[in-house]
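Okay, handing you the structure first.
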Amino acid sequence: MSKKELRIGLVGVGFMGRTHTNGYKRVSDFFPDLQNRPVLKAVCSRTAATVNAFAEQWGYESVETDWKSLVARDDIDAVDICTPNNMHAEIAIAAAEAGKMILCEKPLSRTLEEGRQMVDAIEKAGVNNTVWYNYRRLPAVTLAKQIVASGKLGRIFHYRANFLQDWTINANVPQGGQGTWRLDVDAAGSGVTGDLLAHCIDTAIWLNGSITDVSAVTETFIKERVHQATGEMQKVGIDDACIFHCHFDNGSLGLFESTRYARGHKALYTFEINGEHASVRWDLHDLNKLEYFDHRDESIVRGWRTIHVTDGDQPYMDKWWVPGLSIGYEHSFVHQVADFLKSLETGEPCSPTFREALETQKVCQAVLDSAAAKSWKGVNEY
Amino acid sequence: MSKKELRIGLVGVGFMGRTHTNGYKRVSDFFPDLQNRPVLKAVCSRTAATVNAFAEQWGYESVETDWKSLVARDDIDAVDICTPNNMHAEIAIAAAEAGKMILCEKPLSRTLEEGRQMVDAIEKAGVNNTVWYNYRRLPAVTLAKQIVASGKLGRIFHYRANFLQDWTINANVPQGGQGTWRLDVDAAGSGVTGDLLAHCIDTAIWLNGSITDVSAVTETFIKERVHQATGEMQKVGIDDACIFHCHFDNGSLGLFESTRYARGHKALYTFEINGEHASVRWDLHDLNKLEYFDHRDESIVRGWRTIHVTDGDQPYMDKWWVPGLSIGYEHSFVHQVADFLKSLETGEPCSPTFREALETQKVCQAVLDSAAAKSWKGVNEY
Amino acid sequence: MSKKELRIGLVGVGFMGRTHTNGYKRVSDFFPDLQNRPVLKAVCSRTAATVNAFAEQWGYESVETDWKSLVARDDIDAVDICTPNNMHAEIAIAAAEAGKMILCEKPLSRTLEEGRQMVDAIEKAGVNNTVWYNYRRLPAVTLAKQIVASGKLGRIFHYRANFLQDWTINANVPQGGQGTWRLDVDAAGSGVTGDLLAHCIDTAIWLNGSITDVSAVTETFIKERVHQATGEMQKVGIDDACIFHCHFDNGSLGLFESTRYARGHKALYTFEINGEHASVRWDLHDLNKLEYFDHRDESIVRGWRTIHVTDGDQPYMDKWWVPGLSIGYEHSFVHQVADFLKSLETGEPCSPTFREALETQKVCQAVLDSAAAKSWKGVNEY
Amino acid sequence: MSKKELRIGLVGVGFMGRTHTNGYKRVSDFFPDLQNRPVLKAVCSRTAATVNAFAEQWGYESVETDWKSLVARDDIDAVDICTPNNMHAEIAIAAAEAGKMILCEKPLSRTLEEGRQMVDAIEKAGVNNTVWYNYRRLPAVTLAKQIVASGKLGRIFHYRANFLQDWTINANVPQGGQGTWRLDVDAAGSGVTGDLLAHCIDTAIWLNGSITDVSAVTETFIKERVHQATGEMQKVGIDDACIFHCHFDNGSLGLFESTRYARGHKALYTFEINGEHASVRWDLHDLNKLEYFDHRDESIVRGWRTIHVTDGDQPYMDKWWVPGLSIGYEHSFVHQVADFLKSLETGEPCSPTFREALETQKVCQAVLDSAAAKSWKGVNEY
């Protein structure tokens, strides 16, 4: 109708290509008041058969097999980067130079240096941008942000988070290639640090402010894996596990852990914040719930509250169903699309921007350097 | 491309109109192998402004304000009935007579008599049909069915289920009209029995077989409410709460409870089956999980297992994301659309059919009659 | 020191003999302010070897093999009855006539008629008395009572409770004799109704007031078992499972279930009360916790609170350890001993008295009669 | 009867004096087969009124107000040290020289150096000894040990534990004196490291073997508190919070955190071990449960098992009640007494001995030194 089109060009047809596309396709149904609507103009992947199948399944109007062609098209307003991490910088910089808006999958980049170049390019171009740290926009997590922002917690003492998986315990999982590029250091940049801890760090900075210094340890449990490109056993360059503690600028202590070797956990992302008066905690395996403890409750009936975040006065939930009825993982992407579209109306940035995501890159870099050096690293050094 | 269109005509633009429409719109993205695809041909509601807004938001091609016009259209293959319960029978019978496929929101009907007429009509017409008992198709519930069907539980002793809400505790909630027709006995036929227990009964019959006799009690806690049509205080005709115990044909005991007066429960639907060797239980507030206990486990490490039903080898989950990432309430409708479309390919019925849903109506009728008579009622009498 | 002795004569050396004895032995350590202290004067059981071993293990000063001798002793102040149910009435009546205080294991009696005779005897004798419905005195349950009494819940709509076990699923479990007399109707009077539901009913009446009428169903899943007395297969006379719904005098609906055929549940006793403003629920498997929901909490952070009932301002917990440190099942008996001793100081009865426990017997009788007659039974008829 | 007496002399009448005494008093009731039985011969504390009241409440035969007198008595077989940490070394060394058996409350000592002197003394004297790391002997924790020892977990990747409290958040809590000596560095040696992390480390070494090197951070959130001895505001010398990561000798990564500033947690001690095939986790707030995940379970019904550790074939539980009925915190002390008495029969040491507890002191020292130096510390350096 009277909505303005936002013509999307998607690069990458893997898991994230699916989640983002779903976000674009659903947003107008559930956020009808937005003035812009995404249009699936083009999708790009190197293999013609693959990209054609994806386009047909999801309804993209056209395909490209070279991302440079996609970036060069006049009928694309926004480029969405869903490639392996090693392509983020090159595509983002080119897209920025072409004046496209950019929505980039996290982590922003493999290295801090790449990230800096991306931020420079995007700020020079002045284009709208966001990085898909989607978990911020699960309603329970956004509610945690509201609670923190309200001051209910008082002075913060502790922040702890972990992201535990178990899918790479099998030594036969290869590195490199479709589905397993996350184990290939050239494609991914790092292992769990960039893949999983980056989420934890993004949320932490959002909820609890800057991290000032870190002390980390990493481990690679399985030292060699077959590389899909060569078919040969090759040294594994990524971190299988990473743990670090840190200080936040507000004086609180932080504790972070991530691994792909925690048997029994498929995608357990949890965080907890302990303040003087109150605490909150959350768990991705149970994503509609937020736990909240308030010491100011009457003492004999004081306890952790399990909040089923599905009411209309809780974040985003007026758009969905009725109280008690759960939403899922994918909705976080719908919400990010909605907020990005809204930012086009308001002129406000859509957090996290590339600039904001660069802060997460700094912490990741400090973490990896700390682990390598076996010493504390100040984040401000970066 | 080569998919065959299934042209949908939707009647009703309330909460269920939204859930069904979302099901139609998403199914092809996630079930690409289906040979049919739904097309949102027309939507019908009495008020032009309302139906136009709905059509625009969701992308229906056309609108009607009289359901008879919709049923009469040649370009509609399937009629989806999302009206209040008092319209189900009339529309379904007319649609059947017009040779349309029918997807009818639950409960099938207000009364058993209405339900019988609907089944007669549909069977006479020989049209494809299904009733939206959507909870069957949440993956954890479908997994429970697989477990039961595998024989793992052994002889069944107990089945218990409840559906607890708290939204009508406030005496100022009116009856009748938009959003509150469920409190108006003329529109709804019954209260929690048809609205909530019908779900519990449908699942129970599916998982545990026929119910033979019932003994029930109902209660209406708030006796009078303002009726939206008249603005006047009027006797409440529905059951606010209903409890019954029963025998199943397999010799097990059943226990069911439903209420809208259980403070703290928004939409708590739970069931549990206890067998000789193993038990399963489930909770809608935590819908991705199924709990399973197997007495044959080694004794010192025996316990209830919490299964996070998000793996690719679990029902429907190969269509969605990766292990550990949750789906939500709405996906049950996508799955039912997928199964309905599949049934068009295979020629198999899409359970529950009208005929199968009539069994649930019989139990509901027996329950209401038992409560009124304060005596046991045999289901076979109906 | 200056404490007065309460000389205990215990009849029965089974499971309950142990729990009560432990209560007597621990109370003075943890309730030092009581003016009376129990002394283990004598224990009685029919087999000399058994009773001697028990006395030696637990420190009873003397033994008897005939309960009549024990009741006749001058150096016994209080008789504690831990026999199978079929001995309760005879011993209690004789003890009352001998002017002894009586602490009787629950259920009060096999039948309502027996119970009436016991109450008559005890009231005629005017002796102190209590019945061991121990679960009332778990701190979380007592806290529930405080919450209800405070009026926090508002008008009550629902009370539901169940007591689920799985230990008799095996068809080889015999009836009669040591450890399995609960399956022998002559010894036990009834099955789960007197054994398990009696607990649920006692708590319910305490928390929610009188039950006015009931509608029940019972089932005996395994119809014949070997009797230990005869070694022969014999009809099972007890109820393996019992379900009933009811009305309370305050207008709320009740729902109760008990079974020994719920695979996976060892001793799952749960109850929940739903009021207009707030609800509470509890689970014996997690006995230090009480869950509480208050609708008056600020809406965006409203949820079920899990109260870890281990603080000094919560019932009984000033006597034990420090916040966060759990107590167990056995402490309920210590608390009942403490309250009984306290009642000797204050002159107040120690609830539940025989008179109060008779109310539970009435409900049990109505339940069994309702199940047999397949009709509602009014409790006031009894 | 024929049991041999073990005459106990207890030093200290605080919280631990109560838990140990309860252990001595209950052990013979529940472990009747032991050949030794504790006798409460004497208790010692500096203030006559206090120690007399304690002796009267708990039934000690005599009192002392100078621990040297107690150690010098001929009628004492075993000295139990429950004083603040600053007295452990002096008393233990004197008691060892007097040829007494010693049961010492944890942590063994304030400093590693003190601990070394204690071990030297005790080994020179050749007396029986144990340190009260009681949590090992909660049945669920002992079951975890059995599971690990069985090899079910396979290669271990991760060990994580935390111990979270919130009782010192209030700035008005003083340091020094009765109940708050744990905040006084002179009395306690350290803060959460020796008080709480020592438990976590003891369990970890027991379950997962030696820790080789550590990297730690500590924090003191409230820098000054009134000292009870002087009534004046004084610098706080203890650590309020401590976090460290480490390597175990078996190649796994460890992560430990402790604080008294985690609002909402009274005494939350949790640990989790992730192995190649299986994982276990435990939580002190729910101490009768152990969670276990086994990847070898059939995939569609695979999940975390919640084991209610109350069955007779699970550790220690044949001594208590029946399946489903919980025990509490205090039972861990009864079990340690039982195991100590058993060790007198078998001649085997009662773990953890002073020598074993010294390993925990080494890790604690390395942790504190690492935090001070802001660098990794090898445990073998100590």
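The letters A, B, C and D name the chains in turn, as written, and every chain counts its residues from 1.
By our rule, contacts are C-beta pairs under 8 Å (C-beta built on N, C-alpha and C of every residue); 3 or more make two chains touch, one makes a residue touch a chain.
For reference, the UniProt names are A, B, C, D = Oxidoreductase.
Everything numeric here is computed off the predicted structure, so don't read it as measured data.
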| item | value |
| --- | --- |
| Relative to chain D, chain with the most remote C-alpha centre | B |
| Winner on C-beta contact pairs when A-C is weighed against B-C | B-C |
| Distance from the mean Cα position of chain B to that of chain A, given in whole angstrom | 36 |
| CA centroid of chain B to CA centroid of chain C, Å | 42 |
| Geometric centre distance via CA averages, chain C-chain A, whole Å | 55 |
| Multi-chain contact residues (two or more partners), chain D | 265, 304, 308, 311 |
| Contacting residues of chain C [partner chain A, same complex] | 143, 146-147, 152, 290-292, 294, 297, 299-308, 311, 313-314 |
| Footprint of chain B on chain A - complex, ascending | 1, 15, 19, 21-22, 25-26, 28-29, 32, 56-59, 165, 167, 265-268, 284-288, 308, 310-311, 320-331 |
| Partner chain A, residues of chain D touching it in the complex | 153, 157-158, 160, 164, 166, 169, 215, 217, 219, 221, 241, 243-245, 247, 251, 253, 255, 257, 259, 261-265, 274-279, 293, 295, 304, 374-376 |
